[in-house]
Amino acid sequence: MFDDRTVRIIHILQDSFLPLLKAGITVTVPLAIISFILGLLLALATALARISGVKVLEGIARFYVWIIRGTPLLVQLFIIFYGLPAAGIIIDAWPGAIIGFSLNVGAYASETIRAAILSIPKGQWEAAYSVGMSYTQVLRRIILPQAARVSVPPLANSFISLVKDTSLAAAITLTEMFQVGQRITAATYEPLWLYIEVAFIYLMFCTVLSRLQNYLEAKLGRYVIK
Amino acid sequence: MIKIKELYKSFGEAQILKGINLEVAKGETTVIIGPSGSGKTTLLRCINLLEIPTSGFVSVASKALAFKEGVQHTQKDIIELRKNTGMVFQGFHLFPHMTVLENVMEGQITVLKRSKDAAREMALSLLNKVGLKEKSLAYPYQLSGGQQQRVAIARAMAMEPAVLLFDEPTSALDPELAVEVLKVMKDLAQEGMTMVVVTHKMSFARDVANKVVFVDGGLILEEGSPEQIFSNPKHERTKLFLSMLDD
Amino acid sequence: GSNVNKQDSNASPAPDTTAKSESLLDTIQAEGKIRFGTEGTYAPFTFHDSTGKLTGFDVEIAEEIAKRLGVEAEFIETKWDGMFAGLDAKRFDAIANEVSIRPDRLEKYDFSDTYIVSKAVLIVQESNNEMKDFAGLKGKKAAQSLTSNLADIAKANGAEIVQIDGFNQAIDLLAAGRVDATINDSLSFLDLKKQKPELPIKVVAEQQDAAQMGIMFNKGNEELVDAVNKALAEMKADGTYLKISEKWFGTDVSK
Amino acid sequence: MFDDRTVRIIHILQDSFLPLLKAGITVTVPLAIISFILGLLLALATALARISGVKVLEGIARFYVWIIRGTPLLVQLFIIFYGLPAAGIIIDAWPGAIIGFSLNVGAYASETIRAAILSIPKGQWEAAYSVGMSYTQVLRRIILPQAARVSVPPLANSFISLVKDTSLAAAITLTEMFQVGQRITAATYEPLWLYIEVAFIYLMFCTVLSRLQNYLEAKLGRYVIK
Amino acid sequence: MIKIKELYKSFGEAQILKGINLEVAKGETTVIIGPSGSGKTTLLRCINLLEIPTSGFVSVASKALAFKEGVQHTQKDIIELRKNTGMVFQGFHLFPHMTVLENVMEGQITVLKRSKDAAREMALSLLNKVGLKEKSLAYPYQLSGGQQQRVAIARAMAMEPAVLLFDEPTSALDPELAVEVLKVMKDLAQEGMTMVVVTHKMSFARDVANKVVFVDGGLILEEGSPEQIFSNPKHERTKLFLSMLDD
């Protein structure tokens, strides 16, 4: 029925599935999740700085977004891991990767969050101020919960990109799923099929994320008319 | 209850309020009328400090602040004065992500630091008063405009302010829905709430107001009892304006 | 006499104040481990076996060196670019990754003595009967990784270089007919044929002594280089090297 | 003043600047621009399919976005370049890269464009219909010009990402700027400094894009109050 | 000019229009009043086919269409009937990315295929008529609500429809700004434009309407001359409703 080559490839794919999945679950997924959470906090701070009206804060935020968006993630990781040691700062692969990815998420997502905050009608700020809330209270209780709803789709885009971008961590010695795929390729000489298998696992992860996105959109949007 | 002296407000070059003097006694209802752009909204916003006056003196209940160019008051002072007022907006501005009940509880919990239970009890009794107790668990989008505005009134009252400010509370509503909001406001006036209302509902002014103030070009042109203003306006400008309102 | 043993390094006082002057070899022995940078994706030299364990000729040689230094070998896997950057940043002490000893590299790095000599082979599609020797490359497309000296051979023979990341990709390009040939290490080719005998490719020419490979170090670590050379010499002398070489290639690859 | 190493690095950076810039201008930039334009057209078609109300079209659009967002761009390029020949379809590096990047932009940007179209108030559709316009006329003359304004910031994000993602084209033998950097690294063994130089050139390109973004935002936004 | 027979419209389960019969003669102005949710807007939208009726018969000027469940009319038929009507919305809905002039030219160029010059000339003469010629090059956001609504009227008229439909054209406007829009509408009526106007501006209905129609619960409850309806309504429901509108 199947020729030798086919049988061989099927075996390779079967044997490699668990190691790949394991790398995905122990490295790719936690790396993406941790970086995304830290990145979101950074993005929030950056977005608030951008709209703070304080020139210095705005300038710093702008500069940060400009540098990070303007240069390749791989180079940023390189600088953190191979460049900083020259300045006496030695960061391990895991924290280095988390710092790099968080900085990246922080820059891109800050633009999303800024736009989302600005999209909330001014009347909401005023209504909240008029009951006597402070800036932080208004932000936390009134504005951010509403901004969250608007920003779920673009943030989901960012998260899904991040999951795949974590493969760059291999350049700084972190063996994530893609690298495991390449290892197996090195011994089996079937890059295309391995890549397809890796892509399939990414697709699984991203499908879960898309579901989560739909769930969040529905949950956060329960108070608006469809 | 409210005392405003020589209130000036400019946006950039444009001077909008040009020396307003106004007093509102406790328990009284003052209606402000005037052409579009005359500064009615700006005046109300200066009373609860959503806009910071360029100069002048504002006092509400026990709290007073004087404004001058170059002098900045602390966030704390501003919030303290603001707490003495409640504001009801033309566009309602309910918090869309909270239920009706949560809308009315929110300020009580975050600002007045009431317990959840106390806040809920207060909220329910106010919602009952505006006839919306059974809508407690609805979201704002599920309510008609008139119902939303009544929730907004309950939300403002929950902070137990000394004064309620209304900025054209019914102008976004169909006549039918306006009726229910005006009724709630009338009840409040009769219970002795101090209120300042910007409105063009002349029947409300006639029935409820203790004083009608006509604002034009950032100044109070004329003030007096409703009869005085409506039947016997002193100024040509007032007469002309009133002639446009006759339905 | 640069082979400092453990007792010597233990004897050196207050290591934190003299850390700067302490040699890398001292540090390695103090910590009890030597860190090698390696790709882990280059069979049969440095790769992961079916159980996922890092292994291969270079890996075993490196382990043997470590043993003779009296320390553990730790492998840090990274991409080719990260390999040089990592050595620069002292993320690891040496590289064991089939790095060929070349004059330009010697400007910036030091190498151990040669531990493997590679033969370059010219690989073409099975159906290709025109190209018979390296000279036949003239004007043809050859898939080469520019970081290897194999690219130089291709260039010297007048081939147009299609740049690739690794051997696998070269084979893909060749199989897809996107290039005419690739020059590679004969040992890699043999390993590939072992794994995928059905691949329609063949070797048409071989070149002896194409390159000499060594362990690579940052400059200024003469003590360590000497110690490694000593270990290499010992393992060649006592037959350990031959055992490893025959295990992976069935022959002695040191000549 | 400078030690040998520093002098050497300065020389390397000087010598490499023009070759890098040339690769950037002849490969990176045209690849990004062409892919982005084609990708936008695809994104528009996909967004329209998603909101068409025609189940089949919606399904196809959803599937496309799901697959492309869910799998790594590198794998997609691999399949196009190394996988399709097995099916007898041989596409050269340039068209292959353009197809891959366009498909990617198409998927991500379609979500942006869909959201932008949906954000235009229904009243605009109705006002346009009420003067007798057809669906296409309404879309072209009324809705898309307004949607363009809303979608400039997220699309700029996508474009800026794309400029840097083009470096993946190296995997399918297209020698773009990053690859040139790696070549020079291969001869000079200064990856970190070369990477920083490459990053600097990307930053130049992305700065131009950010300027363009600001210009477009201002131009398309001239009819709204600030 | 307009003839509507047995018009039914449901949204899902909810039947909103329950058999409307209405005729509007050429050159006449018909005012529709009725409580919120009674179906006034839906009726107007069914006349210009922004909503497709569930069943019934609609004819405007020379074009007529009959609707039944299961029968779909072509895009072309719908656009043809729609071209006989012009619609003015409560929320103006000007095209914000076009100048005032472009707003009025747009439909002429894309739909009527007029030349740019002809369209511009027509637009300018209409803008002159609504008193906004000097605002031709402004963008909508630079206009007051009243001005925007007058542009919307010019935009609708530029298509030279047989009938103009107005859905509460002044309810989003301050009384002062409403006056200028009502004046334009009055002028149109006097020039013999056929118009159907949903409004609660009773003075307009009294002065301008040839016929007033009271809609309640998706049915025409009562129709007649303004005097008849306002001074002498037959139904209790009508009386009650009118009592809420008295200012």
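First chain written, first letter: the chains are A, B, C, D and E, and each begins at residue 1.
Quick note on the criterion: contacts are C-beta pairs under 8 Å (C-beta built on N, C-alpha and C of every residue); 3 or more make two chains touch, one makes a residue touch a chain.
Here the structure is a predicted model, which is why all the values come from computation and not from measurement.
Student: Check every other chain and keep only those touching both chain B and chain C; list them.
Tutor: Where chain B and chain C share a partner, that partner set is A.
Student: What's the farthest chain from chain D if centres are computed as the mean of the Cα atoms?
Tutor: B
Student: Just give me the whole-number Å value for how far the CA centre of chain A lies from that of chain E.
Tutor: Spacing between the chain centres: roughly 51 Å.
Student: Quick check: how many Å separate the C-alpha centres of chain A and chain B?
Tutor: 46
Student: Just give me the whole-number Å value for how far the CA centre of chain B lies from that of chain E.
Tutor: Centre separation, chain B to chain E: 35 Å.
Student: Two-or-more-chain contact residues of chain D, please, as numbers and ranges.
Tutor: Those would be 82, 191-192, 195.
Student: Enumerate the residues of chain B that touch no fewer than two other chains.
Tutor: none
Student: Pull out every residue in chain C that's touching 2 or more other chains.
Tutor: Expected reply: 81-82, 85, 88-89, 169, 172.
Student: Show me, using the given definition of touch, all chain pairs that touch one another.
Tutor: Touching chain pairs, listed by label, are A-B, A-C, A-D, B-E, C-D, D-E.
Student: Which part of chain E faces chain B closely enough to touch in the complex?
Tutor: Result: residues 35-36, 144, 171-172, 174-177, 179, 200-203, 241, 244-247 of chain E touch chain B.
Student: Enumerate the contact residues on chain C facing chain D in the complex.
Tutor: For chain C paired with chain D, touching residues are 81-82, 84-85, 88-89, 104-105, 108-109, 143, 146-147, 162-165, 169, 172-173, 176-178.
Student: Would you mind writing out the residues of chain D in touch with chain E in their complex?
Tutor: Residue list for chain D touching chain E: 121, 123-124, 126-135, 137, 141-142, 145-146, 149, 220, 222-225.
Student: Mind listing the chain D positions that touch chain C in their complex?
Tutor: Within the complex, chain D touches chain C at residues 81-82, 85-86, 90, 170-171, 173, 175, 179, 182-183, 185-187, 189-192, 195.
Student: Enumerate the contact residues on chain E facing chain D in the complex.
Tutor: For this pair, the touching residues of chain E are 48, 50, 75, 79, 82-83, 85-87, 89, 91, 93-98, 106-107, 110-112, 139-141, 152, 155-156, 158-159.
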